[in-house]
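Take a look at the structures listed below.
Shared between the two complexes below is chain A, which has chain B as its partner in the first and chain C in the second.
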Partner chain A sequence: MRAFLARHWYAYAMVLPVVVVVGALVLLPLAQGLYFTFTNINEATIANPVLDRPASYEFVGLDNYVNVLTGGESYGAFWSTLGRTLIWTFGCVLAHYAIGLGLALLLNRRMRFRGLYRVLLILPWAVPPFISVFAWRYLFNSQFGIINQALGALGLPTPVWLGQSDLALFSVMVINTWLGVPFMMVTLLGGLQSIPRELYEAAEMDGASAWQRFRDITLPGLRSVSSTVVLLGVIWTFNLFHVIFLSTGQNPHTRILVTYSFERFFSGASRDYAVASTYGVLILSLLLVFVTIYRRAMRRQGEVW
Partner chain B sequence: MSVDAAALQTARTGAGAAAPTAARRGRRSRLASVGLHAALVTASFVAVFPIFWVLVTSFKPDARAVSPTPRLVDESSVDNYVDVLSGARGDFLAWFGNSVTIAGLTTLLGVFVSSTTAYAVSRFRFPGRRGLMLTFLVMQMFPFAVLIVPLYNILLALGLQGRSLGLVLVYCTTAVPFCTYMLKGYFDTVPTDIDEAGRVDGLSPFGVFWRLVLPLARPGLAVTAFYSFITAWGEVAFASAFLSAADGSKTLSVGLQVFIQQNRTEWGHLAAASVLVALPAVAVFYLVQRFLVGGLADGAAKG
Partner chain C sequence: MAEVAYVNASRVFPGTPPVRAVDNLELSVADGEFLVLVGPSGSGKSTALRMLAGLEDVDEGAITIGGKDVTNTPPKGRDIAMVFQSYALYPHMTVAENMGFALKLRGVPKAQIREKVAEAARMLDLTKYLDRKPKALSGGQRQRVAMGRAIVREPSVFLMDEPLSNLDAKLRVETRANIAALQQRLGTTTIYVTHDQVEAMTMGHRVAVLKDGVLQQCASPRELYDRPANAFVASFIGSPAMNLKTVPLTAEGARLDGLVVPLSRAALDGAAAEGLSEVTFGVRPESLRLASADEDGMEMTVELVEELGADAYVYGSVRIGEHPERFIVRVDGRTPPAFGQQVKVTLRDADEVHLFHPETGLRLSA
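Then we have the complex of A and B:
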């Protein structure tokens, strides 16, 4: 034991602060949150130190899970919300990746104004998201938003973009695509620049077309970066609450799992912490299943990480 | 998982290597060149326009901001800014101060803690290393809804509820996992010979880390600082749950939400407040953006 500590003590000393903070502020709350899903805790039954009221919530077994998973409308229509979450997640990540890769390919060339383009294209990442969402709400406004004014001037229909229809889901996906492209672009650009130039030169020497070079050098060269950013993108987008919440509020047409959990947590006087936590645990479980399958698929294709 | 960090890293160093190919590509046809620039100009326009439009609107009176015939300059003045800064619409300066404190502390603490962790993970093969990195990956998946009530209780028990420090710690838990992965990638590229030379010269493991490795990873530190700052600066959910309701203790993100709800029609003022909030973030961004992609070698390549 002494030899063990002598060998590793500085490594442990360096990770200790993180472990303590993570343990206290992530793992402990997670365990407690997990327990809450088996109770009927809400604003009325939680302990309230301000009013000096003890906790009065009770253990209710699997009731919360049964209520949620049977898909009742009053519990957020779980299955259709899950479907919408999947559309939102994969739609956004696909758009992020495709546009990000396209721009990274364009930027990975020598040309004039390259640095300027790069700064401008990363700008959406630098602006705080709630400001960007505000900007888009202003652009999307159905009466005086500049998008509808432009459409109207061209004689095209001027829809209510962020209203009570499925168009709102499309609109928030547009907003989120705009927000998320810079991250993908930056990481993929890094990936592109790490591909050895000799490969391209050799391929060109052998008469490979631009498309062949892209397919046989660029895409394989980007595989490890891509698999990471896509995984992160899916996790982040699945859990992304602020874009939807700030642009449409509590709109059932843009409701995804995370925003519903937040709705239950904050809405009204009841503040149903139990159902909110149940949604949280279901989200976490779904993501864990996804990550396991994803990593297994990657490993089968020879990816090592 | 470390690949994205490695990619960001190569983005920094790879620019020099890009030059020979780029020179060859310089022979592209005129038509292709026009197409390339057209595509990039369009994309840049889409990226910048929403922000630009808020900037334009921020100078207009509220009535002009919702005009059916939008113009670039329409009775524009700095009145909105004066109103917002003078505190006529909520204690803007106090919010600003709170945000600077919280985001600044998060950046300092987050970067420091994740750099020590990343260094340990990068250099030492200690038991629990893999488990730690896996925990960090899983932490990205935690929906905050599970954590928020228990976190509230824990902060209350620690006496940190409603205090800036509590919020700083919570933000660190979201920023540190990503920053650690990123910095590990940077440290991996610093040759271990440097560490060994430092040890031979009598430095402690911490001395090696502090005096040799950390300065070499400065670009990585800049990127992680940017990430931590942006994370803390723009966060809404935790801030609205954990800060007290008193106007003077709000952060900008929370204050602005209230501001938006109370002044739905005052688009000019909202835009001015938004610009003021975005400015520090853009300034920080501008300071680190050369590390973010182009990198040091890029200046030579006329990026």
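Then we have the complex of A and C:
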């Protein structure tokens, strides 16, 4: 043991800072959160040093999970919120991917001002998200927003975009699409440029039309990049809090799992840390299941590049 | 099966000044012929091939395949198959799918595709590998798949763009012979691009030498070797390269150090008509030999001896006028001279010399 340490102390010393930081910022809160899910901790039962009140929360077993998973209204209607979260996640990622790929294909051609277009299209990504979200809130404003003014001028109905209806979910998805497309575009453009030009030439010689070249060369060539960015996109969007919170706040029509967890933790009559933590653990479990299935599917297809 | 013709075809890349990558190429290839385009890098040989493939525009002139003008026809409509230097195999398809891709796009029934692919695979010894992806194949196997992809199509013209340059030396020699034999058997018109003059000489029925986008000479390998049309072709074809030196002319012939090479009347008259006092004199290493002490010859100091087994190449310097000039002589491999030795060198046969105009480089001797 001493010989081992004498030989490898340097390597351990190098990884120690990372271990400490990850432990303090990730593992410890995770373990604490997991523990909270088995208790009835909330604002009234947590230790409060200001009021000189000791902790009074108790171990309640799986009560929190039972309450949440039975889908009661008072516990955030878990199943319908999950459904909304899935619509939000896959709708956004699909739009990101489709629009990002379209723009990447356009930008991959040789044309004038290509560099300028690239910069302009990456711009939404460079702007701080809260600025973009507030700009969109102005655009969507039902009375003064440019969208409704334009619709009104054309004699079309002028809905309340960010109000108490499912239209709000659509609107926040539009906002998030605007924010997420540049990342997809940049990564897919990189993927497109890594496909050798000879493959297109060979396909052209083999008599492939433009659509057949896209289907048989471009899409397979992008597969490894696509699978990575779609996976990342799903995880990010599933957990994306700020866009929804900044555009509609605590609107139940745009509520997804993370925003509900936040609501439960920071607002309400009693800040219910236990239920908020339960939501956190459930989100983590869902994403783990998703990643496992996804990776297995990818492995079965076989990474080609 | 088709004949191919370039009719004053040019490709001009925009720029300042514009680059004429292929300049007024006039070349016709007979049905079933194996034509090799050869030249140093940047000579326009690949561009010429890509123009025929339809991957590069034809800015001036025209290209015909089988008598049909295809100048503005997209690659799809030209009925040609191409083997790329990088092979350009589709990485996500198996060998069989790669080879059958063109047929699949054409809507050929599956059973028929399978049959044709199997046949080509037999021909190329690929049967065992039909279910593999390209990345699981060796370089030589990938090369054969690329060939197979072209063969399965049964096109009227094969185009090959340096298909052997990614193989190791031994495999290259082997594959060279296989491609030539395959072409013979299929009888398909083939245009083959290479920068390797040995490939050009061994494979082609005819060889077209290009330099700076301009066709220098197109002839059979024998003709190219024996009667190069200009000094560039003379120096490019043959390994090691021909000794080419500018030497003064006298009434009897060309004067080298200690040796006057008698020239034919016709050649001397030709030079006189041009008013030349000097000519570019070319002699191949194998046309020179070591002279015995009592013969006339050039005094040469041996600087390097390359022993190849049967032969040895002796590199040495000879004074011509004021300057030392390097000459290469082929000698018997068993008794080569030593480094630093002084030897006398003479011609094997006074007929085996080539004379070129010292400025234009054009051939003078008949």
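The rule is simple: the second predicted complex is superposed on the first by the 280 of 305 C-alpha atoms of A that agree within 3 Å, B and C clash if a C-alpha of one lies under 4 Å from a C-alpha of the other, contacts with A are read in each partner's own complex, and residues count from 1 in each chain.
Operating definition for what follows: a contact is a pair of C-beta atoms (placed from the backbone, for glycine too) under 8 Å apart; a residue touches a chain by one contact, two chains touch by 3 or more.
Predicted, not measured: the structure shown is a model, and the values here were computed from it.
Engineer: On the A-aligned overlay, A:L121 touches which partner chain: chain B = first, chain C = second, or both, or neither?
Structural biologist: A:L121: touches chain B, not chain C.
Engineer: For the three-chain arrangement built by superposition, which of chain B and chain C touches the greater number of chain A residues?
Structural biologist: Touching more residues of chain A than the other partner does is B.
Engineer: For A:L232, decide between first (touching chain B), second (touching chain C), both and neither.
Structural biologist: Only chain B; A:L232 stays clear of chain C.
Engineer: Would you sort A:H253 into first (chain B), second (chain C), both or neither based on which partner it touches?
Structural biologist: After superposition on chain A, A:H253 lies in contact with neither partner.
Engineer: Is A:L25 contacted by the first partner chain B, the second partner chain C, both or neither?
Structural biologist: first
Engineer: Is A:A202 contacted by the first partner chain B, the second partner chain C, both or neither?
Structural biologist: In the superposition, A:A202 touches chain C alone.
Engineer: Would you check which partner chain A:R213 touches, where first means chain B only, second means chain C only, and both and neither mean what they say?
Structural biologist: So A:R213 meets neither chain B nor chain C here.
Engineer: Taking the stated contact definition, name every residue in chain A that is touched by chain B in one complex and by chain C in the other, in rising order.
Structural biologist: Overlap of chain B and chain C footprints on chain A: residues 201, 305.
Engineer: With touch defined as at the start, can you tell me which chain C residues reach chain A in the complex?
Structural biologist: Within the complex, chain C touches chain A at residues 53-55, 74-76, 80-82, 84, 86, 88-92, 101-102, 105-106, 133, 135, 149, 153.
Engineer: What residues on chain B touch chain A, complex-wise?
Structural biologist: Residues of chain B touching chain A: 1-4, 6-12, 14-15, 17-23, 25-26, 33, 36-37, 39-40, 43-44, 46-48, 50-51, 53-54, 57, 65-70, 113-114, 116-117, 119-121, 123-124, 126-127, 129, 132, 135, 137-151, 153-154, 156, 169-170, 172-173, 176, 180, 204-206, 209, 230, 233-234, 236-237, 253, 256-257, 260, 267, 270-271, 274, 277-278, 281-282, 284-286, 289, 292-294, 298, 301-303.
Engineer: Would you tell me which residues of chain A are touching chain B in their complex?
Structural biologist: So the residues of chain A in touch with chain B come to 8, 10-12, 14-15, 17-19, 21-22, 24-26, 28-34, 36, 41, 46, 49, 103, 106-111, 113-115, 117-132, 134-136, 138-139, 143-144, 146, 149, 178, 181-182, 186-191, 193-194, 197, 200-201, 224-225, 227-229, 232, 235-236, 239, 241-242, 246, 257-258, 261-262, 264-265, 273, 276-277, 279-281, 283-284, 287-288, 291, 305.
Engineer: Can you list the residues on chain A that touch chain C in the complex?
Structural biologist: Answer in residue numbers: 196, 198-199, 201-209, 212, 216-217, 220-221, 223, 304-305.
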